[in-house]
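The following pair of complexes shares a single chain, chain A, combined with chain B in the former and chain C in the latter.
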Partner chain A sequence: MSATLVSKSERAYIQASLQTTPPLRADGRSLLDFRTVLLETGVAPLANGSAKLNIGKLAREGGGGTEVLAAVKLEVEDVESGDGVDGGRVACSVTCSPSAYPHLTSNALDDLQHDLTVILQQTIAHPSLHPSNLAIIPGRRAWLLNLDAVILVDSGNVVDALFMAARAALWDTKVPRTRPVAYQAPSVSKNAVKENQDSMDVDQGTSSLDTRDMGRTAADFELPDYWDEGEVLQGRERWPVSVTLNLLPPIHLLDATLTEEASVPLRLHLMFSFPSSAPPTLQSMRLSGPGELDLVYLKSCIADGEKYARGLFTALESKLREEDVRRNAKARDRFAALR
Partner chain B sequence: MDLDEDDFDEGVQRITGPGESITSSHAFMRGHGTYVDSEEVIASVSGTVERVNKLITVRAVRSRYNPEVGDLVVGRITEVQPRRWKVDANSRQDAVLMLSSVNLPGGVQRRKLESDELQMRTFFEEGDLLVAEVQAFFSDGAMSLHTRSLRYGKLRNGQLVTVPPILIRRLKSHFVSLPCGVDLILGLNGYIWVSKHVKQHEQEGEEGFDAEAVYSNRNDDIDDATRAAISRVGNIIKLLASHFIPLTDAVLLEAYEWAIEQEGSVKDLLLDEVGENLVSSLGSGMRQ
Partner chain C sequence: MSSRIEILNDGGFRSDGRKQYELRDVLIDLSQQGTADGSAQISHGLTQVLVTVFGPREAKMRSHTLHDRAVLNVEMSVAPFSTGERRKRSKADRRILEMASMIASTFEPVVQTTLYPRSQIDIYVHVLQQDGSLLPACINATTLALITAGVPLHDFVCAVTGGVHSTSPLLDLTTVEENDIPHMTVAVMPRTQKVTLVTMETRLHVERFRELFELACEAGQTIHKEMKLAVKDRTVVLVGAMDAGLKGVAVDDRDRDVVMEDRI
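The block that comes next holds the complex of A and B.
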């Protein structure tokens, strides 16, 4: 994607090394090995969900490795008069830090940001993945889910890192619980009018009124519990993972470094979703690079890609559940200390 | 803490950190890496304190490469311009390689012609790696390189490893041959070229040097064992750099022998504990 400079002899050396038996990569990994992936959720205190991800960080060094920060912020939108869509909507954006791409001009950086934003937006905001709990009041208010990602360092395989960070941030997202509120004319509830109260009555969703009807007539909403973080996004296990196959027919490699990316003619990005009760689905696919590919080979690549994505998904899932436990324990400790 | 002039004796290196007061601003002038606050010279970076007469500077531990004339550097061509190439050499500005500072085909003494200007990309093109020497500085501080030696020129048959420039010590020779069939070029700018060993007499060539070979983009045939050795040396360098150990030929050789004794595969070196063991095994080589 970004044009890393690499000399002809370096490219030839890398390609020849990859095509020996057994294949050898610059750092000795085998073709399907990932570098170490580090992940932490809940890194941005003001966001509804956030994650920081690093692929291939050097052991003790501060730097090194592809680093992506992703955060989700929820915003209330008016469906009737504003930009809102009934049932909520998802908006993604990707920013590339100029320090990650010092050799790119600002125009080239904008192009790159746009390309990544489009891939993320078209995959994450697809209707098949839309969480059902982004609606607040049907027909009136809905949540706008802003997913923002920043690429802090790029040392290869940025798309996979981006999707992993996005998945972790979405997984971590908590939607505040809301309760609809209606305005009622004083004549309707005479007994509620008292000397120092104005004519508005706050109706409790838990009262004996028909709450199903409530949803339709509600004008606004309130947050029942300020301290409660809320509930997780519905269907959060469906968020896709991306796996990038760097193709150098007849072989392919995963998690390429920048020089390796510059040395292979084609890259195939596959985004898979693994719903718990249904077979995996291929959510989107991108092919980039100057090379060409025939359909039969592409099909075999997709089959292989699904296998790798499954492995990546399983690892990421277990890490995210571990992070949930860690953060819950931390919150409990803090609460205990307050009491 | 105040410093007198005696505190800057030869060979005594003082380490300082950001915010640390170095000396009084009455007696000394502030230089790079320092600032003055309430009549004191204070360090703004961490590094070693240096003094030239009354000028105090702090040389940062982590910084881009500060070139000096005569340094050997490894660089990458970023741009081809009229009569010159721009070279990325990990410095603050791109270095310049003039067409008049390279060896042209057909003899070392040949003058450059107009036709040479038109075919500059046949010598070096964008992305090419080269080894060169710092020749001089321009008025804006950019360095000018030259490759007028048979040992300098385009790089082939290997891979590049990057480390912080401060880890490369000045050595008698920056061309290192390890006995495992691997040649190293330790550029003082932190770029290290790890490649297949080329025998001395093949490298030097004949009287009039062979332009085909010098500006070739084709790699020689490299066997699998050599490729594995190149990768292993590359990983060792990265590992030592992540532990912030200065690189010399002795250290590298010792680390390589240790890695061979362990009989692990090349990628084992990426593991944390293997790295720790390797670093703790380094004894004599480090302290020389």
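The block that comes next holds the complex of A and C.
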């Protein structure tokens, strides 16, 4: 994924300045500093949850920085006849805009898109993170959660941006409340609910809807209230954050720009999940680049990575809670003030 | 479903509360996007399009260039979450290719391509949200992106969709209206009073055409005013920045926070 081509001398220059004491980076950050991260949720009105994330926007020009848009859309799937899975499933896709990678051919762009999709899919759709409220009627209907991310601009550290945007979109997602429904003929005793709709006697015109205590016998479902007021995904604190360590042994740096990414031999992507009542888990890990790494060093990198991911997680969590307040409580107050 | 929605009620209001000839809010953002030479994001109501322009530059494939003028290469991508029903369209989708070729043919007579022989101008169109009038939004955003990239144009291109509900013409249609009534898209060059695109996929009575066409041309002039204002604002900011560079940075700007809505 080293996007820009840098010359040998440029690479040597960047590497040498990173290894001096104190280390020097082109934008004056220290090795472990992130650029400014900007986040906004609820940017796509037609999605069930969405977020726009920008890393490193320039203060005055109003442009620049890596920009990722992520949105979640829910679809109902039939488990028996369709390709739905009991309990729901999660599907991720990543689209890279050609303007983010102006020098890549469309084939290379497709490859990159596929690589990022695989990383996102394998991490987010892992069974250990699966939200329990994607089921509608056990054995019959389930939600398909589509997570689509679009990379609009890449100016370095795209994997971290992708995971942060994905986490924010998933956090923002509201699953519509559903109520199971079955059709019941009045002549039959209340306990025996007919499952098969074909056998129902329509001509009598006395069939009734019963929505109480359906369990496994329900034939279909209905949406009891307005769709936007659903419940959040179960276990939304667990969605992982990614932290990328750009390794230039013995040092490593975070949030590298494109030229820095092109000058370091190795990148280690670590995706950590921080459940509120359990110790953190390493959900997935990728090593990319032409270099090699010894095992002891890798272990110390993972330990460091956990520390950085914790910081990132805490910051993101507080921003997401703030966004929740902004979009719900404050919007309600503003609406009330207008009336 | 569409029969239940009243396109134009007795009071003369449309389903979203607009009058017959009223256009939706136009928001224009001309801030820089990554390494692009020019970019523009425009929203007509809930329809939102981002266009980035690269070039004129050397083509990736030399065989695609022309010896006497530049080639316009339009690529379009539609975000899967932009519509009500999620649908992932590939880049080779016929509908998308058709839209892209329509945009390219609209701009071929407007861009002064003869100034850049053997080169290519890449126009990347991203559809972020759709709620009707998609093609006009793409065309307007492309005009602005080409202007911010500094590509010489003969004139602005301003597009708008118009439709007819029984005998009353409507402007700037939403998805609901587009599904229900005959409509066409018109792109005008406001200064030279020329038309570069007229397209219609539905059937319209020939006696209604003239009135609607003239109305759409007039609406193009209104959109032109908005677009000109946005370009002028940006130019003023740029000129101001050039002056600031000579005098040194103004002190009060230093401790400003960065916000997502920062735009030129």
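We adopt the following convention: the second predicted complex is superposed on the first by the 300 of 339 C-alpha atoms of A that agree within 3 Å, B and C clash if a C-alpha of one lies under 4 Å from a C-alpha of the other, contacts with A are read in each partner's own complex, and residues count from 1 in each chain.
As a convention for this text, a contact is a pair of C-beta atoms (placed from the backbone, for glycine too) under 8 Å apart; a residue touches a chain by one contact, two chains touch by 3 or more.
Quick caveat: nothing in here was measured; it's all calculated off a predicted structure.
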### Message
For the combined arrangement obtained by superposing on chain A, do chain B and chain C clash, or do they fit?
### Response
clash
### Query
Does chain B (first) or chain C (second) touch A:N146, or do both, or does neither?
second
### Query
Who does A:E40 touch here: chain B (first), chain C (second), both, or neither?
second
### Message
On the A-aligned overlay, A:T281 touches which partner chain: chain B = first, chain C = second, or both, or neither?
### Response
neither
### Task
Spot which of chain B and chain C makes contact with more residues of chain A, would you?
C
### Query
If you stack the two complexes on chain A, which partner ends up touching A:N133: first (chain B), second (chain C), both, or neither?
neither
### Task
With the two complexes superposed on chain A, say which partner A:Q122 touches: chain B (first), chain C (second), both, or neither.
neither
### Task
Answer with first, second, both or neither: which of chain B and chain C does A:Q113 touch in the superposed model?
neither
### Task
Look at A:L5 in the shared chain and tell me whether it touches chain B only, chain C only, both, or neither; answer first, second, both or neither.
first
### Message
Can you tell me which of the listed chain C stretches (132-140, 150-158, 168-176 or 204-212) runs into chain B once everything is aligned on A?
### Response
150-158
### Summary
Dual-contact residues of chain A, meaning touching chain B and chain C, are 36, 58-61, 64
### Query
Where on chain A is chain B touching in the complex?
5-10, 12-14, 16-17, 20, 24-30, 33, 35-36, 58-61, 64, 103, 259
#### Entry: For the chain A and chain C complex, residues of the former touching the latter
36, 38-40, 44-47, 50, 52, 54, 57-64, 67, 69, 71-73, 75, 93, 95, 97-100, 102, 105-106, 146, 148, 150, 152-155
### Task
In the complex, go through chain B and note every residue touching chain A.
76-78, 88, 126-129, 154-160, 217-219, 222, 224, 227-228, 231-232, 234-235, 238-239, 241-244, 265-270, 272, 275
## Note on the structure
Counting only contacts in the complex, chain C reaches chain A at residues 31-36, 39, 46, 50, 52, 54, 60, 75, 77, 79-84, 86, 88, 91, 122, 124, 126, 128-129, 241, 253, 256, 258-260, 262-264
